[in-house]
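Working notes, structure below.
The first chain written gets the first letter, and so on, giving A, B, C, D, E, F, G and H; residue counts start at 1 in each chain.
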Amino acid sequence: MSDFHVHDVRRPARLGMPEAVLCSPKTDAQLVGIVDDLVAFGAPALLTRLPSERLEHLPESTVNRLDHDAVSATATVNGTLPQRAGDVAVVAAGTSDQGVAAEAAATLSFSGITPRVIGDVGVAGIWRLQERLDEILDADVVIAVAGMDAALVSVLGGLVAAPVLGVPTSVVYGVAAGGTTALNSALASCAQGVTVVNIDNGFGAACAAVRMLRLLDERRP
Amino acid sequence: MSDFHVHDVRRPARLGMPEAVLCSPKTDAQLVGIVDDLVAFGAPALLTRLPSERLEHLPESTVNRLDHDAVSATATVNGTLPQRAGDVAVVAAGTSDQGVAAEAAATLSFSGITPRVIGDVGVAGIWRLQERLDEILDADVVIAVAGMDAALVSVLGGLVAAPVLGVPTSVVYGVAAGGTTALNSALASCAQGVTVVNIDNGFGAACAAVRMLRLLDERRP
Amino acid sequence: MSDFHVHDVRRPARLGMPEAVLCSPKTDAQLVGIVDDLVAFGAPALLTRLPSERLEHLPESTVNRLDHDAVSATATVNGTLPQRAGDVAVVAAGTSDQGVAAEAAATLSFSGITPRVIGDVGVAGIWRLQERLDEILDADVVIAVAGMDAALVSVLGGLVAAPVLGVPTSVVYGVAAGGTTALNSALASCAQGVTVVNIDNGFGAACAAVRMLRLLDERRP
Amino acid sequence: MSDFHVHDVRRPARLGMPEAVLCSPKTDAQLVGIVDDLVAFGAPALLTRLPSERLEHLPESTVNRLDHDAVSATATVNGTLPQRAGDVAVVAAGTSDQGVAAEAAATLSFSGITPRVIGDVGVAGIWRLQERLDEILDADVVIAVAGMDAALVSVLGGLVAAPVLGVPTSVVYGVAAGGTTALNSALASCAQGVTVVNIDNGFGAACAAVRMLRLLDERRP
Amino acid sequence: MSDFHVHDVRRPARLGMPEAVLCSPKTDAQLVGIVDDLVAFGAPALLTRLPSERLEHLPESTVNRLDHDAVSATATVNGTLPQRAGDVAVVAAGTSDQGVAAEAAATLSFSGITPRVIGDVGVAGIWRLQERLDEILDADVVIAVAGMDAALVSVLGGLVAAPVLGVPTSVVYGVAAGGTTALNSALASCAQGVTVVNIDNGFGAACAAVRMLRLLDERRP
Amino acid sequence: MSDFHVHDVRRPARLGMPEAVLCSPKTDAQLVGIVDDLVAFGAPALLTRLPSERLEHLPESTVNRLDHDAVSATATVNGTLPQRAGDVAVVAAGTSDQGVAAEAAATLSFSGITPRVIGDVGVAGIWRLQERLDEILDADVVIAVAGMDAALVSVLGGLVAAPVLGVPTSVVYGVAAGGTTALNSALASCAQGVTVVNIDNGFGAACAAVRMLRLLDERRP
Amino acid sequence: MSDFHVHDVRRPARLGMPEAVLCSPKTDAQLVGIVDDLVAFGAPALLTRLPSERLEHLPESTVNRLDHDAVSATATVNGTLPQRAGDVAVVAAGTSDQGVAAEAAATLSFSGITPRVIGDVGVAGIWRLQERLDEILDADVVIAVAGMDAALVSVLGGLVAAPVLGVPTSVVYGVAAGGTTALNSALASCAQGVTVVNIDNGFGAACAAVRMLRLLDERRP
Amino acid sequence: MSDFHVHDVRRPARLGMPEAVLCSPKTDAQLVGIVDDLVAFGAPALLTRLPSERLEHLPESTVNRLDHDAVSATATVNGTLPQRAGDVAVVAAGTSDQGVAAEAAATLSFSGITPRVIGDVGVAGIWRLQERLDEILDADVVIAVAGMDAALVSVLGGLVAAPVLGVPTSVVYGVAAGGTTALNSALASCAQGVTVVNIDNGFGAACAAVRMLRLLDERRP
């Protein structure tokens, strides 16, 4: 087992990135070992893709060490990182995007940044977006979470001057199944300078925001 | 040759659809024969996907029989169909969509309907769309021509109560190449009741509009 | 939660589209909250993709508020919309398309339109279609539901002058799995002016029909 | 060169299949060498995918040895195979399918079978097919050549008891580009017992017909 | 329900094809109704894709009417069709192809033809194929069932003069998952005149063989 | 024409994004008109995807108004934007990525930012990257341009704390053709917080960097 | 049954390859029969894709004959092959790759070669790889197991002169789902002379290593 | 320019791999500069994907420095690497595979290994392969070059104990276009331990063979 989870003690120091574990592809035995290692090491760590039902398959001794959140399917071990500056808006197109948006928000909270979450403002009813636009324009970084045609990403990219990070989400049927349509739509956005992360990767978008917020406090001379 | 182009004399009568010929997959010899047949038959007909350069490969006697339009790459033979009621807006997202929008407009003109063309109102600069919105809201049917992420289709679908026909266009690079991203995006639109035709199929969208406009003048008792 | 379902009070008024909720991608907790919101608001609403088995996971208080139909996997809250003019034929190719056809029919019924449902007339036995053709020719709008090769869409498009809306369905095996073959086949139909909605999207086809039927009673001056 | 074209002297004897050369992927130098070999060997051979323009790049001495047909883009060397029994209908959906249908017909002629070619009977105007149906019902084997949605394959499969061989064709735009839609549509046909060959493979369909016609004259005891 | 299963009484008479029902996409309620209809009509019928586990969800009264075979996941109602001439070899590449090969064999048996089944002769150990080659060369029609790279189809196509029908099978992992690799490989076979049916479609291959065997006994004058 | 290029006078002011024109999908007539409009308006503008060969098809009067750069295939009209703070490293994996890297660099230069270009440091010879690592670590933002397997994006993402923007490039053969492999590889990078733009979109990556550099000088209170 | 598993007694002798059975696509009944055959034959054999849960569905008499390993999901029957020379490093990028790496290692052990397993050295934290590089450089053959972007394959290919065999793994979400991204990335590696096996095919990579190690002891004169 | 071609002086020493340049994606200006650099450095180098027509676009001074071979589209600069031990068979399925096979052979020759080339032995006429089998069985490493269904790779993998390297080739039409079918077929081969390189990558297969042949002369103690 130890051969298969090398705790990367240098990454947080070098990159300022959270120590994080993607739980979905790991076996229960692997997860138990990893949590043991994380607790032993003592630094804050984030576990993602850990839905409530999964906890039932883990021993109580492991579950007790986790601070779990059901909506985002994340957990923390050893607390969170210190509070830091930066204002990130997590904007979601529909109810179905709540889980991915919550993963982004939980990752930001873990990283010391309090997110602003704005939900269900998809462009099929564009007045809902217009009512929340001022809040969004105030943010340093905007994370746009959208499935289906991901039109929200383009519309936001055309309205906002801050960095816009598109997070395509997978949805349940037809050409939208799996999220490839939303992904390609976000990549093909004619709004200039929009960037994209992998499908459903709320965690990755939050990490990208953390990288960007370094520009606020760590300027080069 | 006659075995391979059976002039469908009953289609216009039964369906009210224009007699039309898609020129791109046909050889020069086939085109010459088809134009001869159409002229002999005498009813108005529309040729599509016939760019100006193609005319140089056809004999002058054939070209002289055509009323050609360069922007839409269409031509008519034996004039057009009689004028009829109906108001169709052809709305295009960008400069690159002009050719496909012009094909839709030329097909409508041929079918006796004067189109209203509104160009370069893509959602990356959504104020351009808002300035033209009243014109669009007046139409009986809206044809939305868009490539890249085709976000215009969803935004129009959310603003307009009339039928919205999405025409995805093929564009030149990356994930948008070939138009599949625009197609899937339009199909996955969360705006309710938007319908879609094949990539670059301005002709088909205009035909669909013709089908719908029958509802204006041919009501069932 | 309230951040993630913004009840769109303006959509029915502006678009004449039904207030509708796609249930499949939502969690049970989200569904309970949405039904509460809908009941509190009081206007008729439609829930789709809600199979009978799903009801077992919802609290009785929520289920009691629903008027559920098992075949179409839909439910209504607060009744339906007022009766209106228009004659829509929902034509399905095979037994396996019944669920999607029923979703289209249920959406039409909810919208105040009584659908005419004609099932199992796929073109592999084309005489079955011919026997029902007169009924289909009487309709203002034709919704054609078909999986596999979706040849029914082309054949109907060639026989009927009314708008033909193709609804590709997903089927179970081989190249037809997922419905992409039926979708592409419908998009590539050489019948002029056929339009298409997303795979299995009976709801969307019905909404498109509602948009078209406005042409019967809401003419522009 | 001789290392790269091993003349398969045993194939015609063992399989009854024509000796044939697919010209498109071969270099001019390879073609010259192959024709030399075929002439030296002396048995009838068929060259496919050899359009007229290609002949201009070959030396006159090579071209003189070919009996070339422009429509099918085929040529024969050393004559054709002896006449044999069997009645094959080659049915094509549209003008654009003429080249592929002609390749099938030329391969049959080379193999000693006189084909019956029936063109432009696509199902978008199904009355054209009905007028030719009796001729088709008389055939021992039916080859159905169709692009776009290939609906002709299914419709024929439902009307004819003989073997139906679908040949999908590649067409020029949108989801039909490359022929994959036609291919998948033919494979997904709900008409029972339809079989399919590769896109644009008129040659292959004719060879399959030749295999089947052996059943007419070479019965097992 | 009756709207959604129109018993096609003319198909067997016109096409000589078996009356057959694909069970997998149908609901339990639909299956019960269809079996009732078939029994009432009285002619032999075949049910496919009906695994043993599915029977547990059907009422005993329905199950009792079925003559079920577990390996092929098929059942018959009202017996089988009369015995007829013809010799069909069903050749399978590996153990995993047994189910699909059995479906082909069961369909042939239902149609009155006794199949010859030859299993586990994949080309990775080509001597296994060589040992059974004489049996295969004796057949009127050869059905080649193979997954993975489906190399068996090409090898047989090069060794056998009879019609060769490739049935690609879906297998469990990597690029072979779903059967598309086997399908494309069979379509791209350089063995001349091999034809192909949809993935896992043992039933369809058997129907195609039935069509071909008509050439043995129903010659045209 | 004026209908099809609406000069977006508000975008630069609202978004700080460059006024830019993608030339490849536009006709020559469209380009001439657009350049006229831009010159008349007077503000600096950038033209991309304008290779030297294209200039030969434009009238001299249009070409004379352009400040063209052959390597990046870009041109400016009316000069560039004012100089501003920020240090962006454009890192390219191979010689073949030079054009896309140059497009990113030219866009940055146009936007007032002097880029640092580091070429041919692909990970197949990782020592080349290590020699240039200090320069890269000094940058505020890193643009990583790579085709084939795009492994450079992941390696940089693991070494650098600044924002890393992956630009996948299209390359010439096999599974890498078109750039989808590089795109998916960059999206799937296990380096945390890497973001991605469309294939070959050097322009878009530079625009994203411009968005991020606003964080250096336009902090929210 | 015996028709569907022909024990290939000649393969081990001719190819030096292990007798092996891929269990996942086989039914329980097939597995029981195969194990019986293998035990009767008496030579060592390897079963792959046999997870612990599957054992619960097999009769105890079958399970008792297996020497099962849970991590690699493999089992042996009749012991293993004799020890032989050769040093193979199995290098895995992440915890999620452990199962596939273990399958490769188990296959090597069965074949008489003691593998060296080096886990969790993905390139997102490239210092972890550098610490283990000397061990890797000592190996005769390197098997690189990696999912997501599979960048490890390229980096190893650039650092190691020995044969590098890439094994892409399937992972759980987004563009990496199914392993196609990792596969294409490994195939597109610009490191010269890297070869690739099917997704998740640890067994195949080990067999390829066995083929290569023959060069150590079976030189041609 | 110098920024965009960093001559990798350490690679040959560390990896024993040839210094090589893939010419197709490079501009003429880049190629001229690279050849200058290579000549100045003085070590042997190989240029691939450099067809004869390309030479016409390069200055005579550059062309004069190249030792060019038309069939393989390769050239060498500064001679070749010293002769070394090892016997590699390059086996090609058809005439169309000659170019890719020649690229593999030229790369081997450049690397000091005399290849054995065996052409046109595709499995559709398996007796051609059988006649050359003894030569193939003598080789240390077998490179199998095949397009279409690539069945040759599996058949060789089942007959030969040496390492078998599959090189899929792109061919001209239908499902085989681009080479993906051949690639997937080779990856899915059920012959154990076959490995694969990118489509048309004869160079890469030869480099893999060079890696393997090190096992002959550089044994670990």
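Note that contacts are C-beta pairs under 8 Å (C-beta built on N, C-alpha and C of every residue); 3 or more make two chains touch, one makes a residue touch a chain.
Every value quoted in this text rests on a predicted model; they were computed, and no experiment measured them.
Touching subunit G and subunit H together: E, F. Under the contact definition, subunit D and subunit G share the contacting chains E, H.
Of all residue numbers used where subunit E meets subunit H, over half belong to both copies. The two sides are thus made of the same residues. On superposing C-alpha atoms, the copy subunit C sits rotated by 180° relative to subunit G, to the nearest 5.
A centroid comparison over C-alpha atoms places F as the chain most distant from subunit E. Between subunit B and subunit E the centroid-to-centroid distance comes to 44 Å (mean Cα coordinates, whole Å). Distance between chain centres (mean CA atoms), subunit C to subunit E: 35 Å.
Residue positions 11, 125, 158-159, 171, 174-176, 180, 183, 187-188, 192, 198 of subunit F are each in touch with at least two other chains. Of all possible chain pairs, the ones that touch are A-B, A-C, A-F, A-G, B-C, B-D, B-F, C-D, C-E, D-E, D-H, E-G, E-H, F-G, F-H, G-H. By the touch criterion given at the top, residues 11, 14-18, 20, 87, 138-141, 158-165, 183, 187-188, 192-198, 203-216, 219-220 of subunit B touch subunit C in their complex. The touching residues of subunit A, when paired with subunit G in their complex, are 3-6, 8, 10-11, 22, 24-27, 30, 34, 49, 170, 178-180, 183, 198-201. Of all the residues in subunit A, the ones that touch subunit C in their complex are 92, 95-96, 98-99, 117-121, 125, 127-128, 171-177. Put simply, subunit F touches subunit G in their complex at residues 93-94, 122-126, 148-151, 153-155, 157-159, 171, 174-176, 180-192.
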